[in-house]
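The structure is given below, and queries will be raised subsequently.
First chain written, first letter: the chains are A, B, C, D, E, F, G and H, and each begins at residue 1.
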Amino acid sequence: MDSKYLVSLLKQVKNGQIEPDEAMHELRHLPFEDLGYARIDTHRCARTGVPEVIYCEGKSIPQIQGIINRMSEHHSNILATRATWEVFEAIEKIGLECQYHEQARIMVANPRPVEQVGNIAVVSAGTSDIPVAEEAAVTAETLGNHVNRIYDVGVAGIHRLLNVCDDLFEANVSVVVAGMEGALASVVGGLVSCPVIGVPTSVGYGASFGGVAALLSMLNSCASGVSVVNIDNGFGAGYQASLINKIAVNKAPPE
Amino acid sequence: MDSKYLVSLLKQVKNGQIEPDEAMHELRHLPFEDLGYARIDTHRCARTGVPEVIYCEGKSIPQIQGIINRMSEHHSNILATRATWEVFEAIEKIGLECQYHEQARIMVANPRPVEQVGNIAVVSAGTSDIPVAEEAAVTAETLGNHVNRIYDVGVAGIHRLLNVCDDLFEANVSVVVAGMEGALASVVGGLVSCPVIGVPTSVGYGASFGGVAALLSMLNSCASGVSVVNIDNGFGAGYQASLINKIAVNKAPPE
Amino acid sequence: MDSKYLVSLLKQVKNGQIEPDEAMHELRHLPFEDLGYARIDTHRCARTGVPEVIYCEGKSIPQIQGIINRMSEHHSNILATRATWEVFEAIEKIGLECQYHEQARIMVANPRPVEQVGNIAVVSAGTSDIPVAEEAAVTAETLGNHVNRIYDVGVAGIHRLLNVCDDLFEANVSVVVAGMEGALASVVGGLVSCPVIGVPTSVGYGASFGGVAALLSMLNSCASGVSVVNIDNGFGAGYQASLINKIAVNKAPPE
Amino acid sequence: MDSKYLVSLLKQVKNGQIEPDEAMHELRHLPFEDLGYARIDTHRCARTGVPEVIYCEGKSIPQIQGIINRMSEHHSNILATRATWEVFEAIEKIGLECQYHEQARIMVANPRPVEQVGNIAVVSAGTSDIPVAEEAAVTAETLGNHVNRIYDVGVAGIHRLLNVCDDLFEANVSVVVAGMEGALASVVGGLVSCPVIGVPTSVGYGASFGGVAALLSMLNSCASGVSVVNIDNGFGAGYQASLINKIAVNKAPPE
Amino acid sequence: MDSKYLVSLLKQVKNGQIEPDEAMHELRHLPFEDLGYARIDTHRCARTGVPEVIYCEGKSIPQIQGIINRMSEHHSNILATRATWEVFEAIEKIGLECQYHEQARIMVANPRPVEQVGNIAVVSAGTSDIPVAEEAAVTAETLGNHVNRIYDVGVAGIHRLLNVCDDLFEANVSVVVAGMEGALASVVGGLVSCPVIGVPTSVGYGASFGGVAALLSMLNSCASGVSVVNIDNGFGAGYQASLINKIAVNKAPPE
Amino acid sequence: MDSKYLVSLLKQVKNGQIEPDEAMHELRHLPFEDLGYARIDTHRCARTGVPEVIYCEGKSIPQIQGIINRMSEHHSNILATRATWEVFEAIEKIGLECQYHEQARIMVANPRPVEQVGNIAVVSAGTSDIPVAEEAAVTAETLGNHVNRIYDVGVAGIHRLLNVCDDLFEANVSVVVAGMEGALASVVGGLVSCPVIGVPTSVGYGASFGGVAALLSMLNSCASGVSVVNIDNGFGAGYQASLINKIAVNKAPPE
Amino acid sequence: MDSKYLVSLLKQVKNGQIEPDEAMHELRHLPFEDLGYARIDTHRCARTGVPEVIYCEGKSIPQIQGIINRMSEHHSNILATRATWEVFEAIEKIGLECQYHEQARIMVANPRPVEQVGNIAVVSAGTSDIPVAEEAAVTAETLGNHVNRIYDVGVAGIHRLLNVCDDLFEANVSVVVAGMEGALASVVGGLVSCPVIGVPTSVGYGASFGGVAALLSMLNSCASGVSVVNIDNGFGAGYQASLINKIAVNKAPPE
Amino acid sequence: MDSKYLVSLLKQVKNGQIEPDEAMHELRHLPFEDLGYARIDTHRCARTGVPEVIYCEGKSIPQIQGIINRMSEHHSNILATRATWEVFEAIEKIGLECQYHEQARIMVANPRPVEQVGNIAVVSAGTSDIPVAEEAAVTAETLGNHVNRIYDVGVAGIHRLLNVCDDLFEANVSVVVAGMEGALASVVGGLVSCPVIGVPTSVGYGASFGGVAALLSMLNSCASGVSVVNIDNGFGAGYQASLINKIAVNKAPPE
């Protein structure tokens, strides 16, 4: 992966600048650091522009401390998702600066100001969907995007949605967060001309099956231009929206 | 069932007008006729105002012929659903008058003109949903209801739906037929003040799972006032819509 | 939505009574109020005759307080479903009058006496299904309907059901609440001539899969005239039953 | 298995009547015959009173011919289930006498008259369920049981069922065959005091999921005394009903 | 239901012994008692020989107290399943005698000695399945059956099962309780000639899906003579086993 | 939808240029044409830049002919997906020019040359996935995008994928098409820094459940930046990829 | 992958034996050949000892011809699974020698005699499972393993299995093929001390759900030492059994 | 089972060394001990080389104490899986020596040093998968295998995996533990030539459905040579890996 690096390495070997074994060693050992319980992909930032993101569920506090501690030597604005207050306090305890976004359950370690560019609309169907929407919004903001939050515009009162059409038309990409029947993704997808990323949520009960109803609804959207991420995966939607929004921003001519 | 009949029977027994054993006999043998392979519920018409409806799938041609032949002695406008051309021809062959609604796969035996009253809106999301919508519409019409067909107004172009709002507002009850993500039921449910009966269809592919996506979507509708019938069950929706529409018509004062 | 309003607005514009921009502004801003975390559909009451209903699960106490507080400025008998004691106390705390129906988990804010008209039968299969049945019954009563509760008449002792046939025959619409195998909806559907709304409940264990068995059973009812709402959705059934019962009442000639 | 045989064998060995190796050989080779593609459990008849039953699906015609040919050397009334006309003709072709029950898809090879004792009720909800009901009935009759067929008594017209209560009360065991919502098993289970074996059928469409709705319905029956076999498994129900009915007959004193 | 009673009632009416309205009244009001939240099927004992069984889950303590209190006026050995210690103590508190079987989670109110006849084998695959097996065993014993408990004979060490073959051969009916892959039901079904009732349990993890793996396994048993009840439904299996065992006992000639 | 149009219309009304009723009429009738069985969203092209796309499954030949015939009056490069040879021939028959892409099952009516800009990588895991990949590729090409096809680079021989890294790095967006376990989406997602759209296919058997395994795999991708469309929905992926690629192209400065 | 090759390449570069770009070229282009629709992993044979296996489903005849034709230049005993007669004839047509195993649906192109070593037991529960068992057996034999076929030893007559214990004890690895409830895998797993690979088959009906019942049964096996492959994946089981058997053979000392 | 034992027993009987009844007695009572709630398969160690393993979930503390106490009379290194701290303390309390592996949730009673031979690679995709990986590793080590732990090498950064290729190439068998999409099993399966045992874990959320996504992914692996155990079943994978690794070790010539 990263073929330029490989060619350059091969050239150095040819020129005798480094030994083959050394090259092999470097090839294998540079891109990550092994903590025993985790191999931090330190190469990812160079590869994708974003340092590794820590998914906190299922990791012990000492493991999270260890990973973030090591990462903070090289990176700022380190995202930790599904982070509890306990995680936040544990990171503060080891002397690292960090911010906690409670609704979004996101912690940002080593936070630094970042310019927020472009325009991502994060739309939620109901009030109960806001935590997932916030996960998307905070992710996108931390990655340097401008986010426009448009909450509680579900299809049961469709005039609320029509009211915000102008906001939707201005976005480079829309993230639509909805539980229950998830119909909002299709309706937004039919209105706008930008890509729509649907995030089904587990809001609902009975035959919502923890978000499956909304997931299937979005996967079967009759509107073109809608793709979907996992149930409650606000982070994933915010991340992909950032990739798309950055294309728009980066390709735009300097003003 | 039918307690008045039971009380009347008991009174006749008391007055010596009929013998107990005879009463028992009548009680047990009047309400249906046993053809061996079928027990025709001839009492249903008195009980519910509608003769028994024949579901053709899984029945042999001779069985269907036998059932309809016997029913036609007492009833007109006998509905046979999921009827193929073969069924239609088999009924014609035994000399019974009948009409075949091909898209709806409904055959009406012993057809008689019936006044069509009230107002039922049958709404379909797409062109591919029309066969199921027609099953609902023809059922309702045969049962004596006026039906307003509003087809291909899915949410991918929501202005098509807004355009027909007036039609929706005039209906006593709406049947909403939709496959894929089935979002139309929620959107209509949010617009109108009459009861909405959702009919998920098996239109779609992949993760539509033969209509499950639309079914779950409708069951989890964020709009109040939406109930649901089985996938592709246009008949059931048309039947219940008829019950509701007739309430409106029957309770209305004579003009 | 609401085409008469739109035409009237257009006429005012034509007559110079209001400016286009003003019309546009009104069109967009009248029908709801934006609290940031919620957009209250204040237009719904005019549209459907019922103010917005608050689904409490997934909303924070301050959010519920904010929404009900604002709504109570214009509305009475505000329904809040899936409300805990904690919610009830929080509303009392901000000085609003309210009633709490514990079994039904429904809170009614700003309660006012309302005439209860017509006749809705709410039928439960077992004692364990009563909380869901109560959600349906209290919803319907709050919306101004007369409710006849018929509880614990499941099919394991069918004479209990036959015993209450007369009550069933008198209803304009029946709500049938059943868990486990949910057979009661089909049996009632075969007996009565009014619409039946089935409510599967999560009562049961093992292969009831949290109400799925009852849900599928009701969706596949061999009786015509049965439609279904989500598992444990007593509110939805009570709401739709109210719509149907009101048709009967409103269309009836004045006595 | 069959410990008496094992003890007897051990005794013969001890008495020197047979050699250990020979005993071992017999132990291993007596109870079945190996045709390469099938090991016929010829010991089953002694063990359970019924020769092995051939499930035809997935077996080639030559395999079925080979198995039945070998079995017919020792047994009569050999049951072959899920047998097509093609299977029937193939068996006739090799000169074996056999009967074909078309609706039941059962072939009986080497048929011999057998006394039909006791009383098994086989009840079907609808006409479309009759093929599965016949599989149960023919199985039970071939195994020597008296069968009372009670067809098309589904719960949509419950008086049809009440009408046949006396027949149900006289059975030692009832087999209830129903598709769609399968409610009949619960209703019969609530009426009778004999064991009820439910057979869900794949009759239905949409959310019946090929019989799953009826299966779950029967598994969750609110009536006690109901057990269930696989979807469309008329054979299994007829077989177990025979075991139960035979208990009643065999334990009864000679008249 | 109970046609003899109906004929007798009709005869009394004819003879003028009772008035029709009175007959109707009796017909409708005798067989159960309405507590508001429960209709006790007091007629069940006459109909099926067993008083109604109380399923405690989802019922409040006062409801259970009320039901058992009323039933204890007429019945002894009242079974309450899924009963917690709290339920037991609540019944003791109102002065009713009762026994609590902790593993089986069964409470027997108004306990009276009952002769235990016949022979039911209750077989469990593992130690973890014992609570469900005990529910079956205690149910059957309370209903007057002799039970032979054979625990922890799962197929992972099949010699343990072969060792108890003689016990299995002596039973009139076998209840096989197994979680995980539930293979034991098939293996026992292949060994014995009596009816086998399979009880899948929720013992297991991952792809056991709370007992679904064992349920499907038992429903698809390659051995004939196996029927199945709901996951963890020890009560249902014990109840049906009792029905079958009683046939054997009751039909047997007096010794 | 399209608020500028609404404001402009209101202004014309104010200036007396058009009558309110006329405005209302135009508002409702301009954006689509009603063929009875279909309402063509002619406004979509203005709204989203792409004319309506025809999904052929479930539509009759005359319906498809009617829709395309009407659309071809205003549009070129009309996409018809899931089109059979029969559909293609039917369109040719009515005298319309069209191209048929057999593997992709796409027909393009009224085809016109279109500049193909930017860079979309369409990657397939196996040879059997090519038809779905072609649906994505042809869709994107017809919409004016340059497509780079990279086929049969599944993870079973990961060097095949590493070999094409440079191609992947050059794309603005990648569509990854994979059946069976669908692991390719995650692996590509971990390598590249552009958005990845996963398309699960129904290639596989047994526990692939018609593409469900690949769908779940992609939804749970451990790589960030992956979103997913419905099983076999090559069109949807190609469409969204086009939206994203066009952002890159349109925002880029003129060279 | 294949680090020795990489180190060697790097050394050649260092010694100036090849140019870096040339090395890069070789690295990328040696290990497979690109046919456009397929990239043949010609490196696999060196890597794993087995040439690539062609899964025929979903591939066109010309594609299969092209792939096999190219592979046959370097390899013999090329396995093509899920091959129809049509595939076989198409390969013969292009002049390649090949064998067709009809039951196993396997074609071996360029067949060469291969020594069959070690001992793999392939066990089937029923006659209907033989095609899948044959797929496993033929795969293993073609890969150079001795296979012992033990068919139709399902648990319904467990003595048939006990009879072949010695055969099972002699195998290095056992493949157990079973449909319906799949119990055989657990029973064999409890008897033997070698690894057991379970292959669930789609043999069955109703709640077997196309092999899901057997799959879940095997995944939840109470016996240790059982792992599972996909439903009907005889090839996968035969392949892994070969890997295990070869370990035994290769590590054994020369005799 | 164990035919040599059976033949030997028969020979002793023949020689008059033991009586038939005695032989029968021994045959049935030797191989296990019955504790009432458990039948300890003491014969298993002779049969499979490993004493019975105790699965603690669902067993009471006294039951576990009883089982381990009795087993420790004959065996050392007794494995108890899914053991909590409470279980560990209870075993210590009765005076037995034991070790507790907390992450693996495994307790080893009566621990004795055991030589660790061969080479098993245990690979985990993420840090959160380590507990399941440890269950596999500790199981294998306790059974006498050398284990190489390779953790956190998931496909989102594939260079981490390529880096450890040499370690993978040296293993006799690989256990691959992964949650979420479980792609790692396929990628490893494509790289190595040894058998791969996939262990899906329940790590993930939403549409991972508690490990189902990873399970399906692994079952559908496009790489040959991968078999799968139950979700989170580290023990089962470690056990089977031990069986395979031991083959390699035992068959190897003495050095």
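FYI, contacts are C-beta pairs under 8 Å (C-beta built on N, C-alpha and C of every residue); 3 or more make two chains touch, one makes a residue touch a chain.
As the structure is a computational prediction, the values presented were derived from the model and not from experiment.
Colleague: How many steps does it take, at the fewest, to get from chain D to chain G if each step moves to a chain that touches the one before?
Modeller: 1
Colleague: Any idea whether A-H or B-E has more C-beta pairs in contact?
Modeller: Between the two chain pairs, A-H has more contacting C-beta pairs.
Colleague: Could you grab the centroid distance between chain B and chain C? Build each centroid from C-alpha atoms only and quote it in angstrom.
Modeller: Roughly 25 Å, centre to centre.
Colleague: Centroid from C-alpha atoms only, then distance chain A to chain B, rounded to Å. What do you get?
Modeller: Roughly 49 Å separates the two chain centres.
Colleague: In chain G, which residues are in touch with two or more of the other chains?
Modeller: 1, 3, 126, 156-158, 162, 191, 206-208, 212, 215, 219-220, 224, 230
Colleague: Can you list every touching chain pair?
Modeller: Here the touching chain pairs work out to A-B, A-C, A-F, A-G, A-H, B-C, B-D, B-E, B-F, C-D, C-E, C-F, D-E, D-G, D-H, E-G, E-H, F-G, F-H, G-H.
Colleague: Once bound in the complex, which stretches of chain E touch chain B?
Modeller: Per the touch definition, chain E meets chain B at residues 3, 6-7, 10-11, 13-14, 16, 19-21, 23-24.
Colleague: Enumerate the contact residues on chain B facing chain C in the complex.
Modeller: Residues of chain B touching chain C: 1-3, 47-50, 53, 162, 165-166, 169, 172, 191-195, 197, 215, 219-220, 224-230, 235-237, 239-240, 243-244, 247-249, 251-253.
Colleague: What does chain H use to touch chain F in their complex?
Modeller: Listed in rising order, the residues are 125-126, 154-158, 180-183, 186-187, 189-191, 204, 206-209, 212-214, 216-224.
Colleague: Mind pulling up the chain B residues that touch chain F in the complex?
Modeller: 126-130, 151-153, 156-160, 162-163, 203, 205-208
Colleague: Can you list the chain B residues touching chain D in their complex?
Modeller: So the residues of chain B touching chain D come out as 1, 28-29, 31-32, 36-39, 41, 43-44, 52, 55, 57-59, 63, 67, 200, 202, 210-212, 215, 230-233.
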